[in-house]
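See the structures that follow.
Two complexes are shown next, each including chain A; its partner changes from chain B in the first to chain C in the second.
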Partner chain A sequence: MSAPSPAAASRPRLPRWRWRDALWIVLALVAVVALRKGESSYEERDAPLLQTAPAARAVGRNFAVEVGRLKVAQAYLLKGDFSHPEDRTLRSPGVWLSVLAKVEALQRPGYLTAQIRTRDGLVYVASNPNRPKLPGLNLSERALAPGLAESGAWFFELPPDKLEGAHLQLYWGNALPVGGDSLVDVDLGLDKAAARKLVADAKPVLDLRM
Partner chain B sequence: MTTTDTAAASTTAPPAGWWRRNAGWLAGTAVVATLALWLPYRDALQRYRERNPSIAVAAARNDWTAFNGARWKLVAAESLLARDPRLRGPLRKDAEVVLLRYEVIPDPGAKTRDLDTCVGAIVDAGGRRWEAAPVGLPRLSGPRLPDRCGSGYDDAFKQVVAVPGRPFAFQHAFVLPRGQRLSELRARIEFRYSGKADGRYLEFAL
Partner chain C sequence: MANKDELIGAARNPWWQAAAAVAAVALVAAVALGGFKPAKSKTKPLPQYAAGKRVQTGAMAVTPLRAWVARYRPGGRIEPDQLYLVLQADVENRTARSFNSFGYLLEDLILVNAKREPVKADTPLSADDHSPLGDLHPRLKQRVDLVWKLPPGYVYAPSQTFGLFARDYKAKAYLNDEGAWLQGAPAAKLQLAVQDLRDRALAP
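Entry: the complex of A and B
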């Protein structure tokens, strides 16, 4: 048996390069790229679950809504209040869309919010309870409790050309629901003819003095 | 050194495997990883249970029950229908008002501020829940009682405060759908913001 050369023995031994290691590295890189490509975005993770529902009875987490008739008006004539006793006309830069509805909480008390989503993705949240100020009628920010159904209407201000294809969206609470919660989407059935008819039937000033 | 020497050395003391050489590190990593998952989970669970109490403390009927630094008793439960003379305001036709009168004796050292964070609720067998002092509650006539558990105002609009060792009366008023049987309902007192109730709530059978 011959002794090995002294130079080879003194040099520190490097791990032997094997093609199998290279294969593992390539596989790991492929996995990294594939997983990053398939990763859901923040928007996807935080977005609520869109849940389509019929207008007759739309049920979401903790609420049920029966959507009724729709009406469009250019302006509302409202009774004056304590500080302004004379009647006044409430105008909008667009048109007023009112959506009649019957709303009920199913399990616990709280609030329901409504918004309109147009066919091009714009969102119009229901007008606040002071615009128009109709205490028994405006459903915006109405306190709900189980077993005590409330009826009334939501009022939306939107451009008249956005009516076509608009959907009503409903969610429990005052803030947009976070991921996993339900955002109930009701198709209002506003095709081109229906939207045009609503605008054509719109009164210049709708009398809401009660 | 020759190859035969190395071979002889390796036969006498075989080199330990990677797992065995790093056993200490591996065990330490397992312990640290377990703690890193468990501790935040425990904290989040505790916070959730404080906000959503789920452990019922059944209250004795007509007797004092210790809960959250005080002793509690349900004194009276009654329901008022619409047109009851004690209702001094409009009430929707399909609703009734349920009044629950309680008394509480704070333990020595209990703070009024902590007692005031109580939340009163009624639940039915189906899990539906109503909270005290809702928006549609009409004004009530009769002796004025505080609606918080630790302080309030009396008939003369003078402030009354729960004193340790002395009973303090308060009242929770609810608006429920008409036709509820009181015997099927349960009243609750919860402390969601005091951080001491530890997921427990006090439950009374009506």
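Entry: the complex of A and C
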């Protein structure tokens, strides 16, 4: 038996191939892919907390709302203003849904935003304060202060076939609520019969001149 | 660096001579076949739509209806030294949520000027009562008047080109994986006759 040569002794030996190590690597890769696939989306991570609430008193972060009557109209007749003194008819490509409400800020002053979410997930934001321009009645972008409840209505434009199953959603502020904030969801109780009755009772032109 | 003798030696090398001959033949062939002419654009021409044709671009569906030039904004008073170009169109929000008309609508539906540059409208108005357009709501077709205040040197053209950009939803539009409706490439060209209402002394 001959002694190993010095060159062979100094040559670095390749590590032994171990199937067990390869298996661990494959399992780790599978876990990485699976975790990445199962990761929640940005919208899911940043979604607000959906709080269902009764129409009688819906409370969210910094606000309380009492939802009142609903009314549908094809158009509104409005009083003229300084720039257009004559009365005008405000039409919509769909119908106008008005939601009467009493709103109150609980801790800090600010704004409350309302939107309608339909059965199929479409979101209709309340019309701006100039459409219809009814200061004192249109609740959109109304400044609220704690202890001073305000009454009025939100006005929504939506196709008549989207009324059935519609929910009113409310959140504090003008920007969309971020993760952890409250998005209060009020079922308006618009089943098929109720939605049909609202549309059937809708006036072609509802007089809102005050 | 090679000296003169090395270069002469290389020039006498039959392999280099053969390579030079091949390069010369390739150059002549390329010139003869038009290889040095400006290449044609590979981009497809934009689809062109006339009045009354509905165009869908992801976030919106737009049906251009008519265009005109007048001395007044829709529903406004005559301004003798001012001209306005108006594009009337039916616009439908195809997203799942109401959006402000000053956003996607003004960014995506543009006037193409004589230098082929996009020009945004100044004001979107509601066509029925001429009030400032509010939000565009999902699945509601809203008739709008887009108004451009024309510069003093405007020369009336009987036909005008408008452009429409695509806007599609990207699930991970930003680094934080947030999704958004992002403007894409130009999607359509709208060619409309422009009605001349400059001689109207009274706004209808």
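FYI, the second predicted complex is superposed on the first by the 201 of 210 C-alpha atoms of A that agree within 3 Å, B and C clash if a C-alpha of one lies under 4 Å from a C-alpha of the other, contacts with A are read in each partner's own complex, and residues count from 1 in each chain.
We take it that a contact is a pair of C-beta atoms (placed from the backbone, for glycine too) under 8 Å apart; a residue touches a chain by one contact, two chains touch by 3 or more.
As the structure is a computational prediction, the values presented were derived from the model and not from experiment.
By the touch criterion stated above, A:Ile25 is placed in contact with neither chain B nor chain C.
When the two structures are aligned on the shared chain, A:Tyr42 is found in touch with chain C, with no touch to chain B. In the overlay built on the shared chain, the residue A:Ala175 is in contact with neither chain B nor chain C.
In the superposed model, A:Ala143 lies in contact with chain B only, and not with chain C.
When the two complexes are overlaid on their common chain A, residue A:Leu158 makes contact with chain C while staying clear of chain B. For chain A, the partner touching the most residues, choosing from chain B and chain C, is C. When the shared chain is aligned, chain C comes close enough to touch A:Arg88, but chain B does not. Looking at the shared chain after the overlay, A:Arg108 reaches chain B, while chain C stays out of its contact range. Once the two complexes are overlaid on the shared chain, A:Asn130 sits against chain C while remaining clear of chain B.
With both structures placed on the common chain, the touch criterion links A:Gly121 to chain C but leaves chain B unconnected. Applying the stated touch rule to the two superposed structures, the chain B and chain C interfaces on chain A have no residue in common.
Across the complex, chain C meets chain A through its residues 96-98, 128-129, 131-132, 134-135, 137-143, 171-172, 176-179.
Contacts from chain A toward chain B in the complex involve residues 1, 3-4, 9, 106-109, 143, 145-148.
Interface residues of chain B, counted against chain A in their complex, comprise 1-4, 92, 94-95, 127-131, 134-136, 175-177.
Of all the residues in chain A, the ones that touch chain C in their complex are 41-43, 46, 88-94, 115, 121-125, 127-128, 130-131, 157-159, 162.
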